[in-house]
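So, here's a batch of structures to check.
Same chain, two partners: chain A is paired with chain B first, then with chain C.
Showing the complex of A and B:
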């Protein structure tokens, strides 16, 4: 517990929160622009379209953010050569665990803030009714899980490699792959495609009326497997990262 | 009664690929000592200290700390009474000196008041609120020492602690290290590639060369090796040896020279007179002095730095 508390203490002045806030601000501005002057039919399906928009925005922006977050948490240790001191006071495994939990908590808080912002936006725009609590909670949970899996992958790379260009390049490459996948598929087994797989809302574009309609998605077996895969990735990346980190010598 | 050893290694070995960095090392650090771990660059000092601290896994051999064999399960518990500064200091550049120490104090579970005390000891009190990223190398080194001193552990392991310090800082560091056993009851292991440094700080010394411990004893004992001798060259060494044996003097040999223990000028004059009386030609009489440096070089090889 002390080790975890200290993880938050260590990121003082590292502007980790500012990075997250910047992401949310961009997404909020995007939302404001996308939903400017909403029509009646847009207000009717507003809460659904909001979930759909969030999936899209997160699919595009968040994978890179996860690599930045992991890198910000890990490079303070590399820069100051701190592992050789910390590992005489705590086991490498517990240090790794504290970083993983700290990052996961930041992710949970970040998406809680994101949902709060966008729900307020929905009310501000005058969407009809209220958000469907069950779907919004499920969506939040899946979003957190898919981004934690991605964060754990990035954390493993950032903790093992002192040169942070390696995990950052991996993060950018993965983000590009996930972005391309969004044009051709509704799911992905890649860790970077978690935001796509976990989207609960599907949109249909009518070329004649030029109107998008939204509905909750029905998951095919493969799509369900892609969602389950998110949780498998969490276990795999955590275990692999921890093993790699504890086996290396300082 | 012999002092208890705080560190004992038994055939400690570390191999990277085909290179054996540390080879069957048997190190013994007595309680209350300042143990100078001396050796040229690349001799295996840091690797040995890292293995003792559990930062590198030994290929073979074992380590005993505070009379308890170290394993993965008890390592952290045993190291709780140890402070260390390995190679360069560890720090968070975006945090102040005080905040850096707070992190380690929390992890060590020692009193918060220790932060003030160690900052005072290393004279960083005035810079405590300054970000460590803005510290000079010497200040970072002193912060590293302060971090190692937190909780005033029983054992302090310092790897080249004077690196980056100016001459005044080096002197200060030496004085501080020398006082740690008497003032705080701390046993210190300090590594260096400089003989003069160890000579001024340590009371016990271990000399490592190419991963092997080539000497280990008190510094006093090392000094006794640095003795003076009289070297003598003559055409009839056997006759001179018998003359000396009559007086009960043991004689050594080196190349064409006879090596005699240091003796009074009067006896040297008496010996020379006797040799002349017996028609023994005396070519040279020299005073030979084997310095600590000579001993160090003979133990570690001529390429070593001093």
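Showing the complex of A and C:
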């Protein structure tokens, strides 16, 4: 607990929150731009289209955002060369655990803010009815899980490599992989496909009427396995990162 | 002046020695080319403009979203050493002018943009041949390449200024990503020629290879931003304590 408190103390003036919210504001601006002047049929399925847009935007942006977050948490130790000193006070495992929990809490808050932003946007645009609480909560939970898996992957890289170029390029590569996976399938077992697999809404584009229709997705066994895979990645990345970090020479 | 710029280029190259920084510019275009070609092959019923369609598939997402962030990563890396420990002191006390110090970093960033664009062009040719496209890529590709470099230099200047001012390695990359994504919206509004992050993809004709670019506005806009951000960087360097 003390180690976790110290993690928050360390990032007190590092503007980690500001960075994350700046990136979220880009998403909000995108939402304002994409949903400007909605037509009647867009107002009808507005809450569904919001969930769909969020999974697309997150798929592209989040791998890089997670690499930035993980790098901000880990780089402080690399810059100060504090590992040797820290490990004389507490175990390397608990330091890693504290960073993982700290990052996960930031992710939870960040996506809560994202959902709040977009729900307010929906009301502002005058979408019909209210958001489906069950689906929005499930969507939030799955989004947090898939992004924690990416964060843990990035944290492992950022803690192991002192040169932050490597994890950040991996994050960019992840964003590109996520974007390209969207063209291939509706699910993926790769860690960067988590947002895609966890999307609860699918869209169908009608070329004649030029209208997109949205509906809740029914998951095939393979798609369900892809969602379960997100939780497997969390366990794998946490364990691998912790083992790599604790065995590392400082 | 010229001699001192050469010296700073040499010292910047020394700082980058044995660092795998170029690897990102090598790998990301390969991923983009692979999926772009795959997408082109799967949608040949819709994508009928052969070399032109292949170009848009190769460059669309790479130029809009990833290149600004990638250039941002490189620029952050160029300033990383200066932000560590007391290196600003030794950097600023080097017996060369502040302008030369800046030019040394800018030259290396430009060299990487040229190399990155040349690699994108080579991958485009190779993938086109693998797809069985006839003849050679269109002659306009040389124009896309040249304008892309000019637009890339604009991003280099912006990101060098940002990375110099912000000590963090990661934040400027986030800014590059946000700038690139913002460019998608701004270009869609028709203001792409006035927004620094959009100039690269406009120059590369990433969304429409047959697009007629207002070349004069493009060149004037690019030179304006290059000068603006270079002056800002040099002034900040001169005032740096």
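Following the convention adopted for this analysis, the second predicted complex is superposed on the first by the 250 of 250 C-alpha atoms of A that agree within 3 Å, B and C clash if a C-alpha of one lies under 4 Å from a C-alpha of the other, contacts with A are read in each partner's own complex, and residues count from 1 in each chain.
The rule is simple: contacts are C-beta pairs under 8 Å (C-beta built on N, C-alpha and C of every residue); 3 or more make two chains touch, one makes a residue touch a chain.
Since this is a predicted model, take the numbers as computed values, not measurements.
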- Once the shared chain is lined up, is A:71 touching chain B (first), chain C (second), both, or neither of them? second
- Message: A:90 in the overlay: touching chain B, chain C, both, or neither? Say first, second, both or neither.
- Response: first
- Give one of first, second, both or neither to describe whether A:60 is in contact with chain B, with chain C, with both, or with none. second
- Task: Check whether chain B or chain C contacts more residues of chain A in the superposed model.
- Result: C
- Message: With both complexes overlaid on chain A, does A:200 touch chain B (first), chain C (second), both or neither?
- Response: neither
- Message: Taking the superposition on A as described, I'd like to know which of chain B and chain C A:79 touches: first, second, both or neither.
- Response: both
- Message: Applying the document's definition of touch, where does A:148 land relative to chain B and chain C: first, second, both, or neither?
- Response: neither
- Message: Quick one: is A:226 in contact with chain B, with chain C, with both, or with neither? Answer first, second, both or neither.
- Response: neither
- Quick one: classify A:2 as touching chain B (first), chain C (second), both or neither. first
- Looking at chain A, which of its residues have contacts with both chain B and chain C? 14, 79
- Message: Considering only the defined contacts, which chain A positions touch chain B in the complex?
- Response: 2-3, 5-6, 9-10, 12-14, 76, 79-91, 249-250
- So, in the complex, the side of chain A touching chain C is made of residues 14-15, 19, 22-23, 26, 29-30, 33, 60-61, 64-65, 67-68, 71-72, 75, 79, 163-166, 168-169, 172-173, 175-177, 179-180, 183
- Message: Can you tell me which positions in chain C touch chain A when the two form their complex?
- Response: 19-21, 23-24, 27-28, 31-32, 35, 39, 61-62, 65-66, 69-70, 73, 76-77, 80, 84, 168-171, 173-174, 177-178, 181-182, 185, 188
- Given the complex, residues on chain B that touch chain A span 50, 53-57, 75-76, 79-80, 82, 84, 86-95, 99, 102-104, 106-108, 132, 147
